[in-house]
Amino acid sequence: MTETLSLDRLAGRVADGAMLALPPDYSYVPMAAVYALVRRGVRDLHLLTVPQAGIAADLLIGAGCVATVETAAVSLGELGNAPRFAAAVEGGDVAIRDSTCPAIHAALQAAEKGVPFMPLRGLIGSDLLRVRPDWQVIDNPMADGGGDPIVVLPALRPDVALFHAPYADEHGNVWLGARRELVTMAHAARETLVTVEEVRPGGLLADETLAAGTLPALYVAGLAEAPQGAWPLGLTGCYEPDREHLAEYARLAASEEGFEEYCGENLIANEANVMKGLRAAE
Amino acid sequence: MSPSKVALLIDVIAGMLEGLGRVAVGASSPIPAAAAWLARERGGGRPEVSVLGSGAHSDMTDGGRELFDRAGQGRIDAFFLGGVQIDGSANINLIGTGPHPAADKRFPGSYGSAYLYFVVPRVILFRVEHTTRTLVEKVDFISAPGTSPPEVYRPGGPHALVTGRCVFRFDAARGRFRLASLHPGHSLDEVRDTTGFTFDAADDPPVTPAPSAETMALIRGPVAASLREVYPRFAARFLGNHRAV
Amino acid sequence: MTETLSLDRLAGRVADGAMLALPPDYSYVPMAAVYALVRRGVRDLHLLTVPQAGIAADLLIGAGCVATVETAAVSLGELGNAPRFAAAVEGGDVAIRDSTCPAIHAALQAAEKGVPFMPLRGLIGSDLLRVRPDWQVIDNPMADGGGDPIVVLPALRPDVALFHAPYADEHGNVWLGARRELVTMAHAARETLVTVEEVRPGGLLADETLAAGTLPALYVAGLAEAPQGAWPLGLTGCYEPDREHLAEYARLAASEEGFEEYCGENLIANEANVMKGLRAAE
Amino acid sequence: MSPSKVALLIDVIAGMLEGLGRVAVGASSPIPAAAAWLARERGGGRPEVSVLGSGAHSDMTDGGRELFDRAGQGRIDAFFLGGVQIDGSANINLIGTGPHPAADKRFPGSYGSAYLYFVVPRVILFRVEHTTRTLVEKVDFISAPGTSPPEVYRPGGPHALVTGRCVFRFDAARGRFRLASLHPGHSLDEVRDTTGFTFDAADDPPVTPAPSAETMALIRGPVAASLREVYPRFAARFLGNHRAV
């Protein structure tokens, strides 16, 4: 049954040390919840980016919330490399589990299907195999006579999947549209926490057209309203990214001091913005 | 980079896509995207083009895995990869320089390269910066290898390497690059000096041909229109606001 | 690129001997195309039901179109066993490859992902393993020290996936709503053929809400308009099943003679109905 | 079957679902569906219930595989299976009688049994027909086995077998059924005569209790309302058109 929570209570459900799955920058990133996680000072996360991430991962890493980052890439996109991620990896301040996009998707699908592993083509000869001793090469059992090596990846089952969506209905069903990597994340994770722009009356599953883009409440453990909850990133169909703010982040986060300055200015302000949005909606 | 160099690169890459059925282009890749759109214009709708992260231009509805699933199904004929470092065996490194994990300089990561390089038949390596820093003898980390032993399933691999100075074709049998053409204004000696790996070359390699007037009209017309939608800043910077007559 | 065809031309694209994937009875069954396949006398199909089927499979089997049926179940649901299927299996007139629902789903996902096999829990100790020598038991490579047997299934790549949908847009994108087993079928198959109630102007992918339930044209090789194309089955949101006709089918198909009578009465009539619907729409 | 027998079966199955988190019910299973809805009414919303093929009652949006994926994720606590034949080791046969493949009488097929029987913790076998034809010493074909050796991954398995005459509980350690209760009007001797397998039983087994007045009110009220929506013909036949007062 889905529990409705405040943003901070929702962030409080992410335990220290949890494996936390976050979406890529193009897909419903729960920035307000990420700010709330930094505010609450979560520690030792195993951060899994599905399959890559941007400012959300950079913030959590810069703020010292992350012990291990498992990723195909962390980048600020057009704004360049992710500075806190790069510094933390270079300095050995986080453990890095380098991966590749389809490996993260496939390993989540293994957890979704309740199987211990998933095969994937490619990879053989990549140094990724060298730095990922949990990935194994077996002989394709379907090849007559053998001699066809193939990689198998262990299932990835996040403790928590966290994302932001345009809206949910009053039963906790969440509309995600075509962002189906989030559906797989939610199926694979033990628990899914979602922030939404708004909770709407009625039921998404009763409408054929809306049901096609809906994650059933069954998977949603906690739900919080967070208007503008993807800010400073955009939310497709709702609002555009705040490019000026993102550029400011990239500039400040280039140094540790600048990053501290950014956090000082924005962590509290963001909470206030969300609260203001909630009051305005009432 | 000059607008004419941009047009040259778009044109030469588009030539490599001729006759293909479907081309996918990764995020933040305006020149490969423009090349794919140009090829489509020339081919009367073929190849079909999927540009990732392009909003209205996306034709994927099964989440982030769909690109990779499509590639695994054999539905993508060409894709583009870059590299922090690329070596003479077409190994690519997208992770960083120096040791792993604590790199001297860490870059974002391998993205989908460790898979797509194996399964997409025609992978075009594209890196404008052509220096001994980017084109190295041996990459510090193999995100994805240029070649594989015969027992490894590999329907795909490197086709060419396009830089700001020249075009290399990859010879899979020899596992080496061969200089295919020098862009106008660049010399073989210069390319040898700025390339960290050895490669094969004729004594007098051809010059990459400048785009025809017809091609320039397509680039300034329909290609620029698509670019303006997906990469407005790039379009404004390199293609100006001209419209085809 | 999607080709727009007449119903009979579409049926003509299913070659004799093809592996043909059909949806379950609850999901967008292409009955008009199935009647057209029987009319054209397709032969030696390897029929794959995803994962089960009803009257569509029974008709094709009864009409002698099928050499092999690979299925988790063929049944007329509330109307009882599928009589032509049962008779053909009992008489050895079709080869039967018995399967189980999640095995068919997983094997199609293997083809969708371009991997040669997929693991699946369960199955060990079932006689299905005995009658499916293509299924193998391996030691789970992720189990420390081994000793954890698990079944691996070879990928299933149909030559043709065939289904009926409410509508397509003018580019060949097909709206399927939440019927995602059809999406997997289409991804896994070499070629997908679709009949639709109607082709509508505009583009499904440009609309966030509709895109969530849309199969992109990329996968759709051929498209035919077939109004009432699921009849006598229903089409969710469009029309209900013709329960009287289905009961009549069950009654007649109980004997070979009755089945012949049914075909004589309906194969031509169905074509005429579809044509009438098309003319009415013009 | 009499309406009171239907209510008895609904009640006794509902008792087996008490305290669970989530129950799924296959297509065309009105009595198990009614039992799940009754358990939900008694539990104040728990267990949550998914009824397959029930249109508006469905809460699945990821296609036909979602039920099996959910079960594999451990999100389904109870499910129902039947069988053309069920034997004393709780092996079930949904395929047909006689040899395979050319059966004497072919039935639809194994559906999802060969998987769900392994991964759903509490599988309830339900078969109204209780004869030596359905309850056999050894099934002709094992669609899904009742027990597995210790090395086989098996978090789930049979919990009970409910028939038109009685309730058996499955003793996984002994790999045998034990008679739990006789439905009113049925005797131990009759059950022994009509059961093709041996089972454990007390000399004087308890009688399956008749539903309480409170339970009957729930069955005639909210449970019948759900049944009318999903299984209108069944509801009309066995529950009449009464409404709860």
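The letters A, B, C and D name the chains in turn, as written, and every chain counts its residues from 1.
To be clear about the criterion, a residue touches a chain if its C-beta (ideal position, glycine included) is under 8 Å from a C-beta of that chain, and two chains touch if they have at least 3 such contacts.
Being a predicted model, the structure only gives us computed values, none of them experimental.
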If a chain touches subunit A and subunit D alike, it appears here: C
Centre distance in Å when subunit A and subunit B are each reduced to the mean of their C-alpha atoms: 29
Separation of subunit A from subunit C, taking each centre as the mean of its C-alpha atoms, in whole Å: 36
Centre-to-centre distance between subunit D and subunit B (centres being mean Cα positions), rounded to whole Å: 59
Overlap residues in subunit D, where contacts from two or more other chains coincide: 60-62, 65, 68, 72, 119
Subunit C, residues touching no fewer than two other chains: 106, 109, 113-115, 120-121, 148, 150, 178, 183, 211-212, 214, 236
Pairs of chains, among all present, that meet the touch criterion: A-B, A-C, A-D, B-C, C-D
Subunit A to subunit C touching residues, read off their complex: 106, 109, 113-121, 136, 138, 140-143, 148, 150, 152, 154-155, 176-178, 208-214, 236-237
Residue ranges of subunit C touching subunit B (in the complex, touch as defined): 1, 111-115, 173, 183, 187-188, 205-206, 211-212, 214-218
In the complex with subunit C, residue positions of subunit B that touch it: 22, 45-46, 48, 50, 56, 58-62, 65, 68-75, 119
Touch list for subunit A against partner subunit B, complex: 24, 26-27, 50-52, 71-75, 77-78, 81-82, 85-86, 89-92, 95-96, 98-103, 105-106, 109, 120-128, 131, 147-150, 178-184, 236
Touching residues (chain side subunit B, partner subunit A) in the complex: 27-28, 53, 55, 60-65, 68, 72, 94-96, 100-119, 141-145, 148-149, 151-153
